[in-house]
Amino acid sequence: MPLTLPQLDEPREAKEKCGVVGIWGEEHPARLAFLSLYALQHRGQESAGLCTTDGRIIDRAVGMGLVSQAITQRDIERLDAHAAARATAHAGKGVRKWGGAIGHNRYSTMGPSAAANAQPLVGHYRGGPVALAHNGNLVNAVQQRKELEGKGHAFSTTSDTEVMLALMAAASRDKECDALAEALQQVSGAFSIVVLHQDRIEAARDPFGWRPLAIGKLPSGSYFVASETVALDVLGATYVRDVEPGEIVTLSDDGLSSRRFAEASPRRAHCVFEHVYFASPASLIFGQTVQTVRERLGAKLAEEAPVEADLVMPMPDSGRSAATGYARASGLPYREGIIPNRYVGRTFIKPTDAERAAAVRVKLNIVSEVVRDKRVVIVDDSVVRGTTTKIKMDQVRAAGAKEVHLRISCPPIRYPCFFGVDFADPSELIATNRSVEKIREIIGVDSLHFLSIDGMLSVAACADVAGEHFCTACYSGEYRIAIDPALRKHAMTGNC
Amino acid sequence: MPLTLPQLDEPREAKEKCGVVGIWGEEHPARLAFLSLYALQHRGQESAGLCTTDGRIIDRAVGMGLVSQAITQRDIERLDAHAAARATAHAGKGVRKWGGAIGHNRYSTMGPSAAANAQPLVGHYRGGPVALAHNGNLVNAVQQRKELEGKGHAFSTTSDTEVMLALMAAASRDKECDALAEALQQVSGAFSIVVLHQDRIEAARDPFGWRPLAIGKLPSGSYFVASETVALDVLGATYVRDVEPGEIVTLSDDGLSSRRFAEASPRRAHCVFEHVYFASPASLIFGQTVQTVRERLGAKLAEEAPVEADLVMPMPDSGRSAATGYARASGLPYREGIIPNRYVGRTFIKPTDAERAAAVRVKLNIVSEVVRDKRVVIVDDSVVRGTTTKIKMDQVRAAGAKEVHLRISCPPIRYPCFFGVDFADPSELIATNRSVEKIREIIGVDSLHFLSIDGMLSVAACADVAGEHFCTACYSGEYRIAIDPALRKHAMTGNC
Amino acid sequence: MPLTLPQLDEPREAKEKCGVVGIWGEEHPARLAFLSLYALQHRGQESAGLCTTDGRIIDRAVGMGLVSQAITQRDIERLDAHAAARATAHAGKGVRKWGGAIGHNRYSTMGPSAAANAQPLVGHYRGGPVALAHNGNLVNAVQQRKELEGKGHAFSTTSDTEVMLALMAAASRDKECDALAEALQQVSGAFSIVVLHQDRIEAARDPFGWRPLAIGKLPSGSYFVASETVALDVLGATYVRDVEPGEIVTLSDDGLSSRRFAEASPRRAHCVFEHVYFASPASLIFGQTVQTVRERLGAKLAEEAPVEADLVMPMPDSGRSAATGYARASGLPYREGIIPNRYVGRTFIKPTDAERAAAVRVKLNIVSEVVRDKRVVIVDDSVVRGTTTKIKMDQVRAAGAKEVHLRISCPPIRYPCFFGVDFADPSELIATNRSVEKIREIIGVDSLHFLSIDGMLSVAACADVAGEHFCTACYSGEYRIAIDPALRKHAMTGNC
Amino acid sequence: MPLTLPQLDEPREAKEKCGVVGIWGEEHPARLAFLSLYALQHRGQESAGLCTTDGRIIDRAVGMGLVSQAITQRDIERLDAHAAARATAHAGKGVRKWGGAIGHNRYSTMGPSAAANAQPLVGHYRGGPVALAHNGNLVNAVQQRKELEGKGHAFSTTSDTEVMLALMAAASRDKECDALAEALQQVSGAFSIVVLHQDRIEAARDPFGWRPLAIGKLPSGSYFVASETVALDVLGATYVRDVEPGEIVTLSDDGLSSRRFAEASPRRAHCVFEHVYFASPASLIFGQTVQTVRERLGAKLAEEAPVEADLVMPMPDSGRSAATGYARASGLPYREGIIPNRYVGRTFIKPTDAERAAAVRVKLNIVSEVVRDKRVVIVDDSVVRGTTTKIKMDQVRAAGAKEVHLRISCPPIRYPCFFGVDFADPSELIATNRSVEKIREIIGVDSLHFLSIDGMLSVAACADVAGEHFCTACYSGEYRIAIDPALRKHAMTGNC
């Protein structure tokens, strides 16, 4: 009798790497950073970390799991007391200078290096102690690291964030240099990075603007940066503007200031998948509200692929925004017929068909009365591996649906991302080397349509820059930066 | 400086007490019972338990938390091996008799007696070892217990389930008696109960039919009972019928059999709140599919309280079914503008206004673009204390809504339930001694309407019995059974 | 490759079942009971529990593991606040009546019933709520339980303590009875029991006096009972006297009072193994200090079995007291040559000889220089299974000892105990059906001597009673009470 | 009423920093290293770590607590599989090359940097990946780090071990250099260090030989290094010799080889406190068996400070070796009268005198009968802060001792150690600025004697080197290396 039972995993199929925040000038910066990390939890659930400084050294709290598990109340109190020590030291001089904190949510690669690669990364160089929190992925980190090792540098982790730190340190041999700017000029790829120093926070964004990074202003007048505006809302901050591609902004006792380490690329590379899937529906990114974009993607989908049917149902919770758009545009009734089980944690199944099926059904329940003898349109935001999609479609059909029409609010994903999204291995993507018709057959639905690239881009569009705004490489294979063929094999750990 | 920070609690405001399952005749009854408990997780999240028998003794696994936390893979293997020992013992006689299991999800009262009152309750009496899993609440348990103590009985717990066990034991002095039937004839109140014996499972339902209890048949031909049909779906079982009010059904090696311990009451007392709030939308209870009932409650609400507005939004996730019904009936556009944060666990807040507000905002984000300058109708299923409702309405308004109209798909809750629902203390219910207008003022919306009792009952209706079907005591104060005035003060622990 | 590795267990080979305490009249009875349980930790390490009463109900905290793990600071504060509620209720009447607490350390049988059988057992009967903590074992519990079941009683656990509770309850049908006395008259076996009521604690000891139970007086004037005097020392209490065999003492607001439920047996049955092995060396039990008795057992051993040797070494820590006695009586030098590793927790070993050996050596290190080329006498207190003894002797020899002479300060253990000691199964005792010479061969030493029964009794002797004082059944097979042959097979769980 | 209760701490008063092991050429190197770490558990109990290499990268497992808590069975299996991958890669070439592992037990500084400073430290430099495990303390680490930062290096931790890694990396700019030797030539202080490379282990010891480091040979022919010989015994390895001061030994597929990075200092600085207190009694260090040295320290003490008394008692467990030596030399009877409670974990006490006293008494019990009306000599190995010593002496007196004479088997500790021992702050040492007579008064004994430095050195003596062998700085204030006055204030984290 087999005693070790496999677990049923239903991971979120595409994994964004990380959310970052930075705040300066508050009495309880760690607490506020902690609260704002909750709002960015969807960007990374495997670990979280916070740093503050007392103006001399940097203290850090990191842990595994969700923010609420990774960081304790005691951590927050300790970090805020640490930050308060700086304020107290300055208090004698007549001015009270409150402190700052940076924070990080992370999708961490499992395995031996997990703990060592925790973020924020704390380091020490000529410029003093420093903490880095990074969202994105560098494409030349391996090459940069080899060069640095040849010059006698040692590394304690395998993360590309430590490469940035080492480049800052190397630049600082020249005491007068702008260490961060020089370091960022040498790296290539996607990065939205927040750096805590003894007396300020610096926040920067790569010249292509791959990942979002917004600036907010708190009611107190303090400045705040975060991966998404939804984190601003939580703190009651008003949205000021985005950090510009190629810009470094500084948050300090003197407020906000700005400089450039590079010109913004005329061809932007905003990640369109942020709109389709990653970002919070309540966020404003790249100039548009995500929820509205998703509703419009659904409407566009109804335009591209109408179908005679009895009702439109969302795949909960991912397809709901697009489904309401589809329903409104098509005029079909909108009903909820798939009920997610909000309480499912891990389930243990045994490899017999009956029990495996039960373990799957436990995640979703179909309301038979809603779908029985009906022609149903089901809307979802994406299909990555396709395995769970197939299972769900089969459940709907088993509950009595007469026809099942699947509509996906983005094109088929066929290429890897080197800029901060961790799709499955290309060989595991259902759309790699397969036609839509073939995918339809595998998933087992009566019709299937993926939104076209043009359709998608007609909806997700920035007003501020002419020409190309979005990176669509995962759909089209067209990368903004030439990718070294060796990269896939010898990729460093993107630390975020 | 205050160092101990209160936690922000947002409990599900009305707490059902428990879900039960029983299965007989399977090779892995504990595993199947375990999987089916997932589907009933919404009926109790504080502890879970399973029992099997080897034909001689009963083994039990119980734990705190969700099913996935309370029961381990090892527990399941141990319990299934225990059940298999019975089959093996019988195998020599040419017939393989698979075993059975019962399970329980529980909302447990915290405090000293939590562990001792865990369910299923395992006991021993003249009839052998026995395990009881109970959903409901007895109103004469205290009185029965006092009488038994006077006769020299001792009790190890304070639960009403142990009173049922003691009544069975007392009845068994007469060796020929039907112990369970005699015991159930002496208790009064709501109960859907499942009892595991050495060689069978008995399942019974009180004569009023307060709580649901369904019978299913597995593909293997085995029988299965569960609080809701959603648990049947998970196991791939087909719905046979409900256990009748006043009926005891027996699941054994000989299949299903039935007897009565009482006549079904001509005035049923099905809990209407199961339809409004508790039961899974995918379940069929009291003869109707919950999701359909909820959509119709929403439609009825649109009929009773129409309003000129720009859109209808659900309070996620509780108001979604009714909101789609409202939108369809009213013709108003349906949009999602309130985004729940699916990852929020515990948050630690500090009693300053700014931070408390942040801790609240972390739970929900409003999509400003959806609500700004709009007249919005928000639909929810119920209001208990009203505090979190007010906070959410304030958030919507702060995001720019021009008008906020709140529609609730059931009447105001004003009276305690003695039949298995744990509302807040009456003094904490917002509707106690308050007019709807006063409630509207407190919550701070432009208009507020609760569905009328008649409206509600016109939608939730059983076809099988003439006359009254539903208990509406929490709305109307009319109890089917006279309630001893002392009950509120000296209530025993309803164990489920 | 085998992936599941066995653990190396070196359990304390004979397991005493339980230590009990009771205290009445203190402001923080739970805290004091908690501290005193530390001193009795050697009597049971698998779980611990405490109870207090507020004069109305009983609150309980129990947990697995050592006292320090099982009971939290928060538990203690909650229990003491519970007890203080009684004092407060009485405060108005001009007299402040502090409360009481009982506590229990337990060796728990693992498995399904572990949690349900936790002690103290809390129950409810006509006399009110009650909590029982028990050290010992009843030999007629199964029979008593069957009789009670026939009379219509139900049981929630399989422990003999619940049988005592049920007998008290049954007796209480007659409201005027002395429930505890009547119950104790019906049970047979070893018991030192402490019972917490709403307004007092009762403590009783079986008529043979198998297990110790001492009365102390705190500096405040309050009374205290505990299994051993070492618990009195911890609280700064002075030793008053033992609870007499057949006596019930009551601790209440009125101080100490006494009554008898039975005459003390003229033939006592004090457990001599308490002196040899179980009790703390610092305790005074059955009229003698344990440490002194052990030194004398060692001296007697030197008298019975002298040997020409170079030095005497104790087996740490169990043989140290007897070894110093042996060294003094023999005139041989006393040296420590076996060094226990105080930090070893669980070790994981793989079934290859080299690694298994390493896992054993990790527990003890031999000081080669002390034993090399020497004739060494090693003194230990007992040999149960003999497996670990053999391993240790082999280590000593491997370190270079020329001759190894093993001396054991009690006779060979050959018979099971039914009175509260859990030896290994008789078939696993090395001395069952084996001569001393055969044991010597197996263990692999040059000479081996077990102290004779007469030698042992010449040292462990009570002055207060003529004739037989000690139960030596585990050595001699002579039981004070006739043992039902079926007992070994159908034994109930001795709950302590 | 105060609700938060302080914990009673009785830490081991002087804390050695770390034990290290390294093994090369075994099939299960991680498992063997793990077992040997058990034997060195006394050198560090706060965290433990292991590393293996597959010939390409290094894998690591570290955790908090004792070895048995910090490292799991799964860790060991993963690390051994990792090492086996190297063997497999080589297997095709006809030769099976088993792998290696290094391990570390650590006394970790608590606080923010605890996790980041875990050992072994894994790093990457031009020479490939490397792991360092270090026992000792560098006195010029701060200065070296500042110089490296000035050259553009960054650091991820605050440990002196990372400084060694950075020096290796900096040296490796010259590809042909001996990186480890060059690094060690630049550091000053105490170090016994083990370094894992892709294809070998290097082990080195500072030129003064402060900390022990032994070489063993396993039955299989593999070589093994460890801080103490007691770790050799556990693996069944025979002692080969010590790593020489100034020597680097290499363990590889080719067996053992040796080179020097420096001449051994003619004035050695073996830490005498290893003999007095730290090392296992079963170890052979600096040429002598620790247990024998301790017995002789006791005998010397009897010679220096005889007293007319009735018996000699050890302070368990620390004073036992010296006490047997004292008893033998003085001819006084040796008895155990202080019984340690082996089970005490954390205790929660309340700041009332009665309860605080109870919490202390819980740790030790006095056998009144042994000490009552007696003149007792108590022998212990050292006194650091003196607070717990005083409490214990008071307990002995309270139990009835007529006279209490305390004998300490080393001189008074008056100066800080910069070479790997973490005494309390000098201001907390009882002997700082106090005469022995004053200390006697504080502790409250009838007489007190500390062994003289000359007496101590007459017993602890190496045969192999003429002149000074031992560092006695903590007693005498004479440091072998000049200590920068700033060191005490700006000390880096000694990582071990």
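General observations
The chains carry the letters A, B, C and D, assigned in the order they are written, with residues numbered from 1 in each.
Everything that follows uses one rule, which is that contacts are C-beta pairs under 8 Å (C-beta built on N, C-alpha and C of every residue); 3 or more make two chains touch, one makes a residue touch a chain.
Since the structure is predicted, the reported quantities are computational estimates derived from the model, not experimental observations.
With steps allowed only between chains in touch, the distance from chain A over to chain C comes to 2.
Using the contact threshold fixed earlier, the set of chains in contact with both chain B and chain C is empty.
Distance from the chain A centre to the chain B centre is 37 Å, each centre being the mean of its Cα atoms. Taking each chain's centre as the average of its CA atoms, chain B and chain D sit 59 Å apart.
As a whole-number value, the distance joining the C-alpha centres of chain A and chain D reads 46 Å. Multi-chain contact residues of chain B, defined as those touching 2 or more other chains: none present. Contacts between chains close into a ring here, every chain touching precisely two others. If you check the complex, the residues on chain A that touch chain D are 59-62, 78, 112, 115-116, 118, 121-126, 145, 149-158, 162, 165-166, 168-173. Chain B contributes residues 3, 5, 28, 31-32, 34-35, 38-39, 41-42, 45, 66-69, 73, 76-77, 219, 230, 233-236, 280-282, 284, 289, 291-292, 295, 317, 320-321, 324, 327-328, 333-337, 339, 341-348, 350, 354-355, 357-359, 361-362, 365-370 to its touches with chain A in the complex.
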